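Order of writing sets the labels: A, B, C and D. Residues in every chain begin at 1.
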Amino acid sequence: MSIDKRITLQQAVEIIKDGSRLTFSGFTIWRRPMAVVYELIRQHRKGLHLIEVNGGSHTEFLVGAGCVDIWESCWVGHELYGKYGANVSRKVREKSLIVEDYSHAEMLYRFAAASQGVPYAVGQTSLGTDIHNPEYDMLGRAGLRDGKRIAKHKYIFTEDSFYGAGSLVLVPAAKVDIAVLFVHQVGEEGTVRINGQFYSDPEVARAADTTIVVAEEIVPEEYLRRDSTRNNIPSFEVDYILECPFGAHPSGVFGRYDVDGEFLKHFYATTRTQEGFDAFAKEWIHGHDQLSYLEKLGWSRMLNLRANSALNYTPRKTKGGN
Amino acid sequence: MSKHALPGEYSLPDLLCCAASREVRDNEVVFAGTGLPMVAILLAQRTHAPNLKLIFEAGTLDGRPPELPTSVGASCCEIGASRSSGLNDAFSIAQRGYVDLGYLGGAEVDQYGNVNTTCIGDYLHSELRLTGSGGNPDINSFASRTVFIMLHEKRRFVNNVSYITSPGWRVKKWPGGEFVHRRDLYGSAFRGGPSAVISTVGVFRFDEETGCMFLDTCHPGKTPEEIKDLCQFDLDISRVKGETEVPTLEELRIIHEVLDPEEIFIPKIKKHAHA
Amino acid sequence: MSIDKRITLQQAVEIIKDGSRLTFSGFTIWRRPMAVVYELIRQHRKGLHLIEVNGGSHTEFLVGAGCVDIWESCWVGHELYGKYGANVSRKVREKSLIVEDYSHAEMLYRFAAASQGVPYAVGQTSLGTDIHNPEYDMLGRAGLRDGKRIAKHKYIFTEDSFYGAGSLVLVPAAKVDIAVLFVHQVGEEGTVRINGQFYSDPEVARAADTTIVVAEEIVPEEYLRRDSTRNNIPSFEVDYILECPFGAHPSGVFGRYDVDGEFLKHFYATTRTQEGFDAFAKEWIHGHDQLSYLEKLGWSRMLNLRANSALNYTPRKTKGGN
Amino acid sequence: MSKHALPGEYSLPDLLCCAASREVRDNEVVFAGTGLPMVAILLAQRTHAPNLKLIFEAGTLDGRPPELPTSVGASCCEIGASRSSGLNDAFSIAQRGYVDLGYLGGAEVDQYGNVNTTCIGDYLHSELRLTGSGGNPDINSFASRTVFIMLHEKRRFVNNVSYITSPGWRVKKWPGGEFVHRRDLYGSAFRGGPSAVISTVGVFRFDEETGCMFLDTCHPGKTPEEIKDLCQFDLDISRVKGETEVPTLEELRIIHEVLDPEEIFIPKIKKHAHA
């Protein structure tokens, strides 16, 4: 109450320094803090180290804009709106992006471990795959495993001595400097309420040293505290808050708006090349702020994405097109 | 039971979807990915497996989506679910051993059922990076059975996949990388492995002891020899049971009128199209 | 839907065999499946191996009745209604009960590990205490660490190689045959909704091989599924269900009824000796069923414990006595 | 600021409660146990630390209970909380390092602040088993500071506790059991240790380098020598600052009229009682 956690979009992005280890809320093309992603691109942030449970369109935006040096995750694409991450693929081919591959469950375990304050997690997934191929330890090959900001090992293989369960793989905690979340509601003191699936947001918020929450709405803290079992992240885990309506577009938000599939299809179709990406960014990102971006999107487009508040989703039969 | 469709009344995606749907048994816990697998599972839920329990990776447990979700993170996933939460729940449940069946896809597969969804060509000098693993290896590691649905081309049914993303019946033991039976590596976490590959030409299964793929059924109009020619490895065609069962009219009605009327994942057959 | 999960109280207890590894829902003196505990005593269950995140009055009942051979946990007592677990203390002194001590967090980690399907958990708690004293491995001393039903080691000490975090302690997953939960609502298919703090119930339900849910109410499954984010345990993790109103008494249930402090004080005061316990059991347990137990408690007592449904608790000013 | 109470206007539990309350700083995250510590924290919340964040072990995060909970699992704990959940959240938050201050109790303490809540006498031939550890060692392991509130008797301030339940500044290194500084054992998880023991005769603190307890303040009417005599170990009384600050009238009003009017944890002073 005494500490005012409100900041502006610009301030939020100033907290994220060149070279920060960064992660986000959401799942593939859902509930991504796109307004912050756009502002990072506008402010020409460089050398970011993204560590994500999974990637998505937002990853493609940041990688395409050249903001990212290292990406640790398991997946990137636009779901059915674009088959793969063409910007990531291009930068990998050009060797201007280091990709460290884990499996999806392993990435989740890594964040869960960090959120629990332990240095690693134990798992039995993906044994025998090239995900565990010691030749493919890309951060190791790049000489970046300092044991401080980046774990000394990509994996450690061991055996279970308690129950004889067999081979185990230990994965290092995902240590991140900053998590940026996009959620439905945040109270003035930082309490977060997410509607629908909360993905890996609670783990991500707790794992990060600094957590910034961007919300569709800032609501009275007291309102959220009337039903504390519905809240997902406690006040003291959140350092900064800001309100940014429609700030997840073109990703979708349960109960609020659908993924803008046409927008993502257009992004995917036009950003296979760097020239294509630069043209896209010139049109949609640079020279804009969040309001002028919404103006450019226009009412018709956004009303079409609106979720039915009784159903919490956008039934296809009510939509034009698609 | 509904009549089977005649040639020309169904498309290849229809056939794949129905074949995949038949892999589910009632009351099973099924871990579903986006796309054609999702249609197959919802089809099973509306036909022979009304009590299957559907898990979406993003955190929906025992879901009954009112319409076909366009992704596992989509808003309609959790409508009617037993519990909606997050990935920690979904993967804990999987690793704990609750999952009977997983549905997956892939770009390349080898004779042991090792699947690649990560890159084409040398990983260290990648020409084309694909989406990456996602939950493919996790679902495949933990489920008792997994079904892969794949486009069949000779460059996809290969001797060695570019990158083993998802473990088959014989996998690499690190640090050496020699192939061993999956059972020997997974210890108490061993619960099974790939149980079927449904490709655009046939249905393949695995000898669980040798770990090798064999041809189970040919899609209508395909011969075992043709199919063998479409694999780089020496496909066992000695155990072919016959032809893949074709869709019934009722299944086609559910796919095209109930589940995917907008043709998001499965196009409707055009009057002039062939099966 | 196709599988009928309903059973009776008597059937529930028949599923729990002599020698079962057993655990419960709840926290100290809150939301314990007391009706099942009473029936276990009536059916003279023997040799139980209790593994609990924490104990409470229910532990004292089972131990006092001689049902328990091994108790792995961290705490037993009646909160402010009785300073310690006198029955546990007596049986330990008589060496008729093996107590294996872990810390509270360690017990939670052990269930979390089991619920995630991994053989152990990693922690940094309680380092340097006698909880980790190798001489005090009581199951080891008793020769019971077979590596199957009971882990080969009580602890393994190691160091972190990923980030140089220092000493770590590995604790074995808490493998249990059966979990018995007491909750607010369960649907016909097994979906569980808990109101208020859910303690470690989700971990416990997922860790157990068989999960029995006792509920204040069985409600239409469809009702619970209208708001799936409010549910705590998914249908397929629950094997059996039964309805047993007031079945947690004398423990309390958020939003329903308070802890019966007078009852627990009486239990604590009269069961320091085995003779005292036997007399208590004769009066309150043997020869009763759940209905005759409620009759004996009487309306005045139970109305006094009733929670205010707007507040979800029992404000002290509305209560007679205390 | 409210006036301090005069002798006879407050009891010993009042004094302990107020002394404990003063250990909290505003905006801190505090992990609270049942009993007198709970009263102390709620008192701080209603006086000098209105923005403290209270965590209850059972799963309430940033709680603002409308009345004094009788236990951390109680129904009123979560009313007004930021989030209510379970133990996994509470202990994850603690191990992750969010907790500034923990309040604990104990039956025995040694000069390093090692505390016993497990048993009296030889653990292997226990005469009296106490409640056990509960979260005592966990809160103490993870919090930056911990405050112990204890009954002061010579048999409780001992050379060697029967069982180290909760770690002090010098702890046992296993398997050998030799005493080492806590910092050397906890590695990156080292964040501090016991910062105060508030007993019924004085307030004790620790030299963080030697790990040894010293007398900080004497409760009114007690002398350092008397207090030293009440310890089996050689208590350092060279650093005594003076007398423990007595309760203010406002603090007494909050304790007895607002927090604990039913005298659940702190009895009201009787007309004829002495401080």
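To be clear about the criterion, a residue touches a chain if its C-beta (ideal position, glycine included) is under 8 Å from a C-beta of that chain, and two chains touch if they have at least 3 such contacts.
In this text, all values refer to a predicted model and were calculated from it rather than measured experimentally.
The distance from the centre of subunit B to the centre of subunit D, with each centre set as the mean of the Cα atoms, comes to 58 Å. The mean-CA centres of subunit A and subunit D are about 41 angstrom from one another, to the nearest whole unit. Multi-chain contact residues, meaning those touching two or more other chains, occur in subunit D at positions 60, 78-79, 84-85, 91, 94-95, 142, 188-189.
Each of the following residues of subunit A touches two or more other chains: 117-119, 123-124, 160, 163-165, 196, 198, 229.
Chain contacts here follow an irregular pattern that is not a line, a ring, a star or a complete set. Chain pairs that touch, as defined above: A-B, A-C, A-D, B-C, C-D.
Per the touch definition, subunit A reaches subunit D in the complex via residues 1-3, 115-119, 187, 189-191, 206-207, 224-225, 228-229, 231-237.
Touching subunit D in their complex are the following residues of subunit C: 26-31, 53-55, 73-77, 79-80, 83-85, 88-89, 92-93, 99, 101-106, 108-109, 112, 123-136, 157, 160, 163-167, 196-203, 252, 254-255, 258-259, 261, 307, 311-316, 322.
On subunit B, the positions that touch subunit A within their shared complex are 34-35, 57-60, 66-67, 70-79, 84-88, 91, 94-95, 114, 118, 123-124, 126-138, 141-142, 163-167, 171-175, 177, 180, 182, 185-190, 262, 264-265.
Taken together, the subunit B residues at the contact with subunit C in this complex read 26-27, 29, 50-51, 53, 60-62, 64, 78-85, 89, 91-98, 142, 188-189. Across the complex, subunit C is touched by residues 113, 117-124, 147-148, 151-153, 156, 160-165, 168, 170, 172-173, 175, 195-196, 198, 229-230 of subunit A.
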